[in-house]
Amino acid sequence: MGWLGPEEWSALMLSLRVAFWATLVSMPFAVFVAYALARWQFPGRSVVNGLVHLPLILPPVVTGYLLLLGFGTQGPLGGLLAKAGIVVAFRWTGAALAAGVMAFPLMVRAIRLSIEAVDPRLEQAGASLGAPRVMVFLTVTLPMILPGLVAGAVLAFAKAMGEFGATITFVSNIPGQTQTLPLAVHSFLQVPGGEPAAMRLVIVSIGVAMGALLLSEFVGRRAAARVAGT
Amino acid sequence: MTLSVRVSHRLPGMDIKVAFDAPPGVTVLFGRSGSGKTTIVNAVAGLLKPDAGRVAVDDWVLFDTEKGHWLPPYRRRLGYIFQEGRLFPHLTVSQNLSYGSWFAPRGARRENRGKVIEMLGIGHLLDRRPALLSGGEKQRVAIGRALLASPRLILADEPLAALDDARKAEILPYFERLRDEVSVPILYVTHSAAEVARLATSVVALQSGQVERHGPAAEVLSDPSVAPAGVRAVGAVLQARVHTHHPDGLTELEAGGDRLFLPRIPHREGESVRVRIAAQEVMLADREPQGLSALNVLKGTVLAIRSGEGPGAIVSVQTRAGMVLARITRRSAEALGLREGMECYAVVKTVAIAPEDIGGHVIEGSK
Amino acid sequence: EEVLVFAAASLETALELAAEEFEADTGHEVTASYAGSSVLARQIQAGAPADLFLSANQEWMDVLEAAGLVAAETRVDLLGNSLVLIGRSGGGAPVVISPGFDLAERLEGGALAMALVDAVPAGIYGKAALRKFGLWEQVAGSVAQAVNVRAALALVSSGAAPLGIVYASDAMADDRVQVIARFPGDSHAPIVYPAAATVTADDAALDFLSFLQGDAARRIFVEQGFTLPGE
Amino acid sequence: MTLSVRVSHRLPGMDIKVAFDAPPGVTVLFGRSGSGKTTIVNAVAGLLKPDAGRVAVDDWVLFDTEKGHWLPPYRRRLGYIFQEGRLFPHLTVSQNLSYGSWFAPRGARRENRGKVIEMLGIGHLLDRRPALLSGGEKQRVAIGRALLASPRLILADEPLAALDDARKAEILPYFERLRDEVSVPILYVTHSAAEVARLATSVVALQSGQVERHGPAAEVLSDPSVAPAGVRAVGAVLQARVHTHHPDGLTELEAGGDRLFLPRIPHREGESVRVRIAAQEVMLADREPQGLSALNVLKGTVLAIRSGEGPGAIVSVQTRAGMVLARITRRSAEALGLREGMECYAVVKTVAIAPEDIGGHVIEGSK
Amino acid sequence: MGWLGPEEWSALMLSLRVAFWATLVSMPFAVFVAYALARWQFPGRSVVNGLVHLPLILPPVVTGYLLLLGFGTQGPLGGLLAKAGIVVAFRWTGAALAAGVMAFPLMVRAIRLSIEAVDPRLEQAGASLGAPRVMVFLTVTLPMILPGLVAGAVLAFAKAMGEFGATITFVSNIPGQTQTLPLAVHSFLQVPGGEPAAMRLVIVSIGVAMGALLLSEFVGRRAAARVAGT
């Protein structure tokens, strides 16, 4: 691609990969947590709720720092993951982890709002027709929260595309490995005369995110229209 | 299969406390708006956990708070027709109809989908989503969804409320068939006298969350002091056989040697049918009427005269066709000098017997 | 072979040019991660696979050395820098900073852009220099502390702040700003960029570290406005 | 106030195209489920913008697609009782009831809130939110909300469907009063023959989105070939005066010199009432019946005999009390040798006249 | 307060003020934009939607930089605001502006999801009873989206409490004026040995945000329960 240099190109591809996986992998957890928060009463509910929101409240640098402590090569969780064959420290996987963690509260909130809007009487109807709880969730709740799921996913994706502070703190700014678009933008801004290059990358990220947004609007509207019946 | 229900539940503003054992067939819950019908049905369905109680179909216990037993709703194998439809908005009509069958056990008896769809007249709607249906169409889909779920217990909360008479007349026989042939216990909520009269094996009349009266349909319906569906629901059921279809559009029935004329009914000649004759459609005469437009005149003897508080009295007359009830004014009863054992004639207009009052099969306690 | 350098963000331009030459000379590949010194130091503490660390201040290097994460024998003071007061281009005549200088008046109610004065080296040096001339109290309330020295530069070059204190190397890189005054080298602690190899560094990394101390690299650094230590 | 409706609208699967002018009073929309009733009501309400059409009450034009005129719903001053309730879930019953009055113009006629609440029997529910109400309670609140909005036009889509007969009998007079005293035009959708017979000034029978038959209630209802509410709705209305309340629970009416006995009605002696006598409740005799339990025997002459396709015929008999319709079988008509001009007796059981068939006031075209 | 130094105390108070105003002022705009996106079809809908999400997509530094260009003393919008007597450059108001802008997409999304979940038939019922559009919104839509509004507000508040990148870029770090908690945390983290001080501030922010969260849960649940009728 002529317009983007090879490094920029690789930053773009990396960002896409990071954002995609961050969104995809965190989605099931987000759905589960959102469902639990919306529908169950359990001790420690507030604590879970608080934990979920933590990445939003903390300065990203702190989140990154905590991730570094927990998931670094020396960190306890990092060790666990490494045993499972997943190395996150200073890898793109770590960038995805950081982006996923940062985007998690947004996703959970969107999904939770949607779940709370589902009429429990429809879920009851499902149960009355013989569907066990899990099947009620899959056949009634899940399809009905699709618009919220899409909204949550696009929020998460956008956030993941733009995440900077936690990523650079956690996995550093290594070109080709952890240098996502925002980090590349940041690097360009550090260099005198780097603004045009930075602007180019900003435009690229906007383009990608807008594409995702348009797509999600389309999907979300269709899902909503299905339910509204129009 | 006996449905045994014992539920007590405290709601803000009202205490529900009912207990009844219903024989096989259709148990109609009857009562004014707000008397607790839906609450009881919900408890049977498991959508409401009552403070205390026990519900069982024979020895299949749905729940028993005393023993801490609670079958989750999805294991109760219900066909619940909700008062407010509750169709799945994201599924097409066809998918809504299939929903229950996705979870029915392999061996379960299945209703014939095509037949149900035809009976409900929703064949042209299969690809639509519920939001695009009319009120009555929604209700019909909801009925279909419940019937096609291979239920072992049907709960129907005013299933026909939004439907026109013609449509009702098409759907009622299906419930009869479920009652008579398939013997699925049915708990049925309705305000309609015609439906009570037609379907009910036993009736539970509720008032402010309490059972006011409970018993076999024939008994409750012929008791003017309760007359849960309004006195208009009082009536008797005759067992008859289709004798001849006449070319002038009348069907002649034979019941215990007596003849009854009705507007044409769809049953084949020789088939046996149940005919409900509403008490208020019957006149009595002390001699054989002459020059009257009524074609059905049954000779009999007065069995009993019961009067309630109003101006009316219910007279039971034993005829060869069976027992007939007549609701007349007390004034007429006196004028005719009616008393037990007296011979009299029951006069029924031919057209007063409506098609929806004819059922195809025998039910227990209907004679 | 690959060399992974963790370098303070302000070194980026110069280091990239030097790395290019080194790569051309040796065929090794240099990859650099630029971020704040504190971030990089913490990452090395957390086990980052860096080969070289180029810090913008001594403290973080001290921390790593004390922790035994960098090889003490490889530590050198690679570069120096000087502090300047800058304004927008065409903004007025250069001055000499002295205790009597009315900096506040020169600000005309605007902000003085600096890097974080308690956290980022350029800010710490700048604050010390202003103190030395007795100017700090004058302006303390109007100091806009940017996240790093580049951001302080951006505040001036975008016109948001009329004046700023940055490194000479930064001022040189942006032609929308001009140097108004230079702070004498003795007005603050010496500005030094220490460099060291980590304990896991291989030969290629050590080669690059020596290359950075060689003439070719020094020429580039000077061109970019850095000074050489001891000068 | 004449309600003039012209609507054409294309729905996937069905074309709606209706045009009718309804005289002042209640216009009943009648038709099977899915025939387009709600769609038409929605167009009148402005919730659906039809492809083409015009709706006006006298010269107050609600919309006219040709002239590009469109009054937004909130300026139509409606009292719309929706088929599905649509109560505001976040407001209490009391707030739901007040909602319309918040926006009613200052000078608007207001219904008496206390009376409406009492009639609907929802006084004990005022502080509840709709989610805690039973189906029928919701429907009653929805009725109250519409009535209390000071409407200039009432749209009622099966307002009484979920209610028991007793409750219906309490609410119907209110609609009558609106029709007769307050003269608010009412567009009323129902499947109930009793409601049609009781309320309708004119009836619009719909079939698949088209007007099948339209005219004054008395006319449409006495036409056996249409019989929109099923033949059971055919009947005639007599104008009578309350003569005496007898101690045995009967009320004696006087109509054109003839006497009619009814179970006690609430009207005062001397007051005039409308009595609907369903055609199927009437028997005919060619001589004065003897020894029969029926108390009401009206002498008259046969005006006309109309028979449809079925086995039945409708015979109109002119009596001193007014015209009475009788639905008998063609076979009986032949057996009695009925022909126009012949003298005959109309026999009506006292108890066959139900309380909900008695209205308090005169309506146009009812005689 | 003994535990916090005077500077830290002032950073806390400032953060609260910034987050409070950022949330409060952006709320009406968010409601309006969310309503427009949810219920109206207009040309440029996608553009508006994209713009709203921009702060999420862009690295915060870029957003801060754009704010600086637009709302700085030299910026066109800054000039306009200054004429209206509102100076944002290097003031806490600017920090609030930055936080508000960053939180805006989160708020809009939450509110929009809630609006989309409101049954339009209830709004129709309102109109049929004589309520003009605005009154329908105020008496039907708004009360029904209360849970979403609360969710949006708490997301925004949390985000505003944690916002760092855009704030420091836009209004710098002026103790007592623009040094919010995250900026103070950041400063502490820059110097070796600053972690304990940083951690103290982090704990304070977590405490505040959890308080807000608990409160919002309570309010949101009550609002939802009102609608659900329990």
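We just call them A, B, C, D and E in the order they show up, numbering each chain from 1.
Just so it is clear, contacts are C-beta pairs under 8 Å (C-beta built on N, C-alpha and C of every residue); 3 or more make two chains touch, one makes a residue touch a chain.
For reference, the UniProt names are A, E = Molybdenum transport system permease; B, D = Molybdenum ABC transporter ATP-binding protein.
This structure is a prediction, so every number in the text was calculated from the model and none was measured.
Shared contact partners of subunit A and subunit C, listed by label: E.
Subunit B and subunit E have Cα centroids separated by 60 Å.
Mean C-alpha positions place subunit C and subunit E at a centre distance of 35 Å.
As a whole-number value, the distance joining the C-alpha centres of subunit B and subunit C reads 91 Å. Chain contacts: subunit E has residues 61, 65, 165, 186, 189, 228 touching two or more partner chains. Residues of subunit C found to touch two or more other chains are 154. Contact with two or more other chains is made by residues 84, 128, 132 of subunit D. Here, these are the chain pairs in contact: A-B, A-C, A-E, B-D, C-E, D-E. Remark: subunit B residues 45-47, 72-80, 82, 84, 86, 88-91, 99-100, 102-104, 128-132, 145-146, 149 touch subunit A in the complex. Against subunit D, the residues of subunit E that register as touching in their complex are 121-122, 124-133, 135-136, 139-140, 143-144, 146, 226-230. The touching residues of subunit A, counted against subunit E in their complex, run 46, 49-50, 53-54, 56-62, 65, 105-106, 109-110, 112-114, 116-117, 120, 147-148, 151, 155, 158-159, 161-162, 164-165, 181-182, 185-186, 189, 198, 202, 205-206, 209-210, 213-214, 217, 224, 228. Subunit D meets subunit B in the complex at residues 12-13, 31-34, 37-39, 83-84, 124, 128, 132-137, 139-140, 157-158, 161-167, 191, 193, 229-232, 246, 248-250, 261, 263-264, 280-281, 283-287, 289-295, 310-312, 326-333, 335-336, 347, 349-352, 354.
Taken together, the subunit E residues at the contact with subunit C in this complex read 61, 65, 68-69, 72-74, 89-90, 165, 168-169, 171-174, 186-192, 194.
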